[in-house]
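Naming follows writing order (A, B, C, D, E and F), and every chain is counted from residue 1.
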Amino acid sequence: MSTVSLPDDPEADPRVKQVFDDIRATRGSEFINLLWKYLAFDPPLLKQVWDDVKSVMAEPSALDSKTKEMIYVAVSIANSCSYCVHSHTAAARAKGMSDAEHADLLRVVSTASKTNALLNGLQVPVDPQFNRETG
Amino acid sequence: MSTVSLPDDPEADPRVKQVFDDIRATRGSEFINLLWKYLAFDPPLLKQVWDDVKSVMAEPSALDSKTKEMIYVAVSIANSCSYCVHSHTAAARAKGMSDAEHADLLRVVSTASKTNALLNGLQVPVDPQFNRETG
Amino acid sequence: MSTVSLPDDPEADPRVKQVFDDIRATRGSEFINLLWKYLAFDPPLLKQVWDDVKSVMAEPSALDSKTKEMIYVAVSIANSCSYCVHSHTAAARAKGMSDAEHADLLRVVSTASKTNALLNGLQVPVDPQFNRETG
Amino acid sequence: MSTVSLPDDPEADPRVKQVFDDIRATRGSEFINLLWKYLAFDPPLLKQVWDDVKSVMAEPSALDSKTKEMIYVAVSIANSCSYCVHSHTAAARAKGMSDAEHADLLRVVSTASKTNALLNGLQVPVDPQFNRETG
Amino acid sequence: MSTVSLPDDPEADPRVKQVFDDIRATRGSEFINLLWKYLAFDPPLLKQVWDDVKSVMAEPSALDSKTKEMIYVAVSIANSCSYCVHSHTAAARAKGMSDAEHADLLRVVSTASKTNALLNGLQVPVDPQFNRETG
Amino acid sequence: MSTVSLPDDPEADPRVKQVFDDIRATRGSEFINLLWKYLAFDPPLLKQVWDDVKSVMAEPSALDSKTKEMIYVAVSIANSCSYCVHSHTAAARAKGMSDAEHADLLRVVSTASKTNALLNGLQVPVDPQFNRETG
C-alpha cells in the first residue's frame, strides 16, 4: 500500500522507458525494483532521482562500490527506512559483502548510535584538536 | 557547557586512570578527548562505553579501520551528533581517509538521505526479491 | 497489531462519544480513522490530542488547509511515521493536493533531507546574515 | 541567534503576562527560561505550548514528576534537541534526579539507541507474543 | 522478512546455546524472542548485544526495572523502531506498567517531541542557568 | 569549526566560479552563503548539490517558492539541522513568509511531531481507506 498509484504499464511513457532502459543497462539485469516502478507516477522525478543515484553509486569514485553500499545501509538504518535497508543490504551483498562484513557493519552502526545518544545527552564541547583548519 | 560536571582531576580515581591508560595504549597517543573526560563523572559508565567502542573499533574485524570510521561518521551525520561527526571525521582522516574519500562519503550519505525520505514518503512495498531467505 | 487494545465499543464511554461526535462534525464525515479508535483506550489523552490537532489543523489560520497538510506530511516523512504519512497524504489530497503537487512535495522533502545530511556532515558555521535580530 | 526576534518587553502584552504569571506560580520561581521569552513573539502559540506542557508535566498523573522529566530527557536526546536536553536535565535534577540516576538514564538511552539501530538493520518480524490483544 | 537468515537450529552452536541459556535464566522464562534468534546468525554479535542489554536492564541499578523499560520505550518511539516499541512495551507491562502509566508515558513522549520540534525551529540559545558547572 | 577547510580563494577554481556566478544570477544577489563556500572544497560535489537545489527550489513548479521554502524548513527542523533551519527560515522570509505564517508553520511542525511520536508508540494499523489504489 503506497501513497501513490503504481502505473499499469509504466514503460508506455517514453520518458519512463528511457530511465528503465538505463537502469537495466547500468545494472546488467532485467530486474527493476518497485521503487522505480512507483516513481514512474512522475517521470521527471523518476529521472532526477535515478540520475542522482546513478552518478553517486554506479560511477567510479574514490570509494569502491561495496563500501558505498554499506554506507548507504548505515544511513538507511539511522533514518529508519525499511525499504532502503532491504534494497541496499541486497545491493551490498551483490557487490560482495560477506556475512561477517554484514555483522561488522551492524556492530559499527549500533555502537555509533549508542555513543551518538550518549554525546547528545552529555552535550560535551568539541575538542579544539578536531578543528580541521587549526587542529 | 555540558549536562554533567567535568571532574577536576579525573585520574585521581583509579577506575578512571585504568581506562585512560588503556585509551592511551590502544591509540598510541597521549591525547584523551573530552568525551572520556566528561564520562569520568561515572566510572562504570566510562568503562562500559570504552570497552564497547574499543572492541568494535580498535580490534581487528571483517572491515578495515578506515571503513569502520567512515560508517561511524555516516551514522553520526544521520543522528545529528555534532561532537561525533567532528571526532570520527578526525579519526577517519587519521586512518587515511583522503579529501576525495571524504567528499565521496558525504555524497553517499546525502543521496541516501534523499532516497530514504522519498521512500518514507512513497511507502513502497518491499520487493520479494530482497528476501534473504527466499529471494 | 498495536501496543494497546482497541476498545470493543469505544463510544459507550460518553467522553469518547463526545470527541468522536466532534471529529464527525468538524470533518463533515462519518469516517473515524483508527488512530482515534485506538486512542479511546485513554479518553483524556484522546481528548487532549484531538483538541490540539483540531485547533492547529481545522481552525482558520495564517496558512491554508492544503499547505498545512503538506507540511504535516513533510514532517511525518522525516520522522518515519508510516501511519502519519498515509493519513496526512490522504488528507492533503482531500484538501486539493494534485499529483503534480504531491510530486513537488516529495521533491522538496527529499532534496531538503539531502542537504540536511550534507550540512550535518560539514558542520558549517551559520552566516551572521541569517540573524533575525541583526542580519 | 534565534530564527525569531526576542521581544524587548514581552510582558507588555497582557496575553504574555498572563502566561508568564502562570509559569511563575506553577513553578514557584521567578525564573522564566528563554524558550518562553522567545515564544512570546506569538502569544497564542506561547499559550498553547505552555498549556500543553503544564497539563502533562505539572499536573498530578500516573507517573511522578522526576520520572516524567527523565523520559522527557530521553526523548530530547533521541531527537537531538540541545536546548531541551539542557533544560529538562536541569528540571530532572530539580525534581531530585541524582548523579547515579542521571548516569543510569544515559546508560538506558544509549543502549536503547544501540538496539534500535540493530533492529532497524535486521528488520526482524515482531513476535506474535507481543500482541496486546492476543499475546 | 529480515536482512539476515534465521538459523534453522541456532542452539546447535554452543556459543548461541550459552547465550540463550543465560537469557532464559535471567528472565525466568523459556520464551526467546525473535531478535535473539535472528542475531544468532553471528554468535559474537549476539553475545555482545545480550551482555550489554543484560548489564543495563537486568542488573540492579539506580533506577528500577519498570522505569528503565519505560525510558527504553520512549527512545524506541523517537527512533521509530517498531520491533523495539512492541518488545519493550511488553517488557514494561511485565514489570508492572499499568494502562494509566502507559498513557502517561505516551503523553510525555508526544509532548516532548512537540517542544523538541519547536525548539529546533526557534533555535533559542541555552539559558546560562542550566549550566551544571556554574548555574 | 567545520570538518573541511574553507578554501582561501574558492573562485580561483573556474569550476567553483561558474557555480558561484550561477548562484548570484539565480538569486539576483551578490551574497554567497557559507554552505557553498565550504562545499568548494570539492567542486564536483558543489556543482551536483547546487544543480539539485536550483532545479527543485528555483525553477517554477507546482508549488510556489514560499511554500517550498516552508516545507524545507519543516524537514530541516525534523532532521535537527541548525544551519538549514536558519538559512531556509531566512529564505522563506525573503519569499514573503510573515511572522504569523512562521508561527503557523511552527505550530503545524510541532503538532505533527507530537502525533508522529504518538503513532509510533501506538503502532496503529493503517486504515484501508487511505489506500490510494483502492481506498
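Things worth noting here:
The criterion applied here is as follows: contacts are C-beta pairs under 8 Å (C-beta built on N, C-alpha and C of every residue); 3 or more make two chains touch, one makes a residue touch a chain.
Just so you know, these numbers come straight off a predicted model, no measurement behind them.
Common neighbours of chain B and chain C (chains touching each): A, D, E, F.
For chain A, the chain with the farthest CA centroid is D.
Distances between chain centres, each the mean of the C-alpha atoms, put F farthest from chain E. Chain pairs D-F and A-B differ in how many C-beta pairs they share in contact, with the greater number at A-B.
Between chain A and chain E the centroid-to-centroid distance comes to 27 Å (mean Cα coordinates, whole Å). Inter-chain centre distance (chain A to chain F, centres taken as mean C-alpha positions): 20 Å. Multi-chain contact residues of chain B, defined as those touching 2 or more other chains: 1-4, 48-49, 52, 75, 77-82, 85-86, 89, 100, 103, 105-107, 109-118, 120-123, 126, 130, 132.
Listed in rising order, the residues of chain B touching chain E in the complex are 1-6, 48, 52, 55, 126, 130-133. Chain E makes touch with chain A in their complex at residues 1, 3-4, 41-42, 44-45, 48-49, 75, 79-81. Within the complex formed with chain C, the chain F residues making contact are 1-4, 31, 33-35, 38-39, 49, 52-53, 56-57, 61-63, 67-68, 70-72, 74-84, 86-90, 98, 100-101, 103-105, 107-109, 111-127, 129-130, 132, 135.
Interface residues of chain A facing chain D in the complex, by the touch rule stated above, are 73, 77-78, 80, 82, 85-86, 89, 105-106, 109-118, 120-123.
Within the complex formed with chain F, the chain B residues making contact are 80, 85-86, 89, 99-100, 102-103, 106-107, 110, 117.
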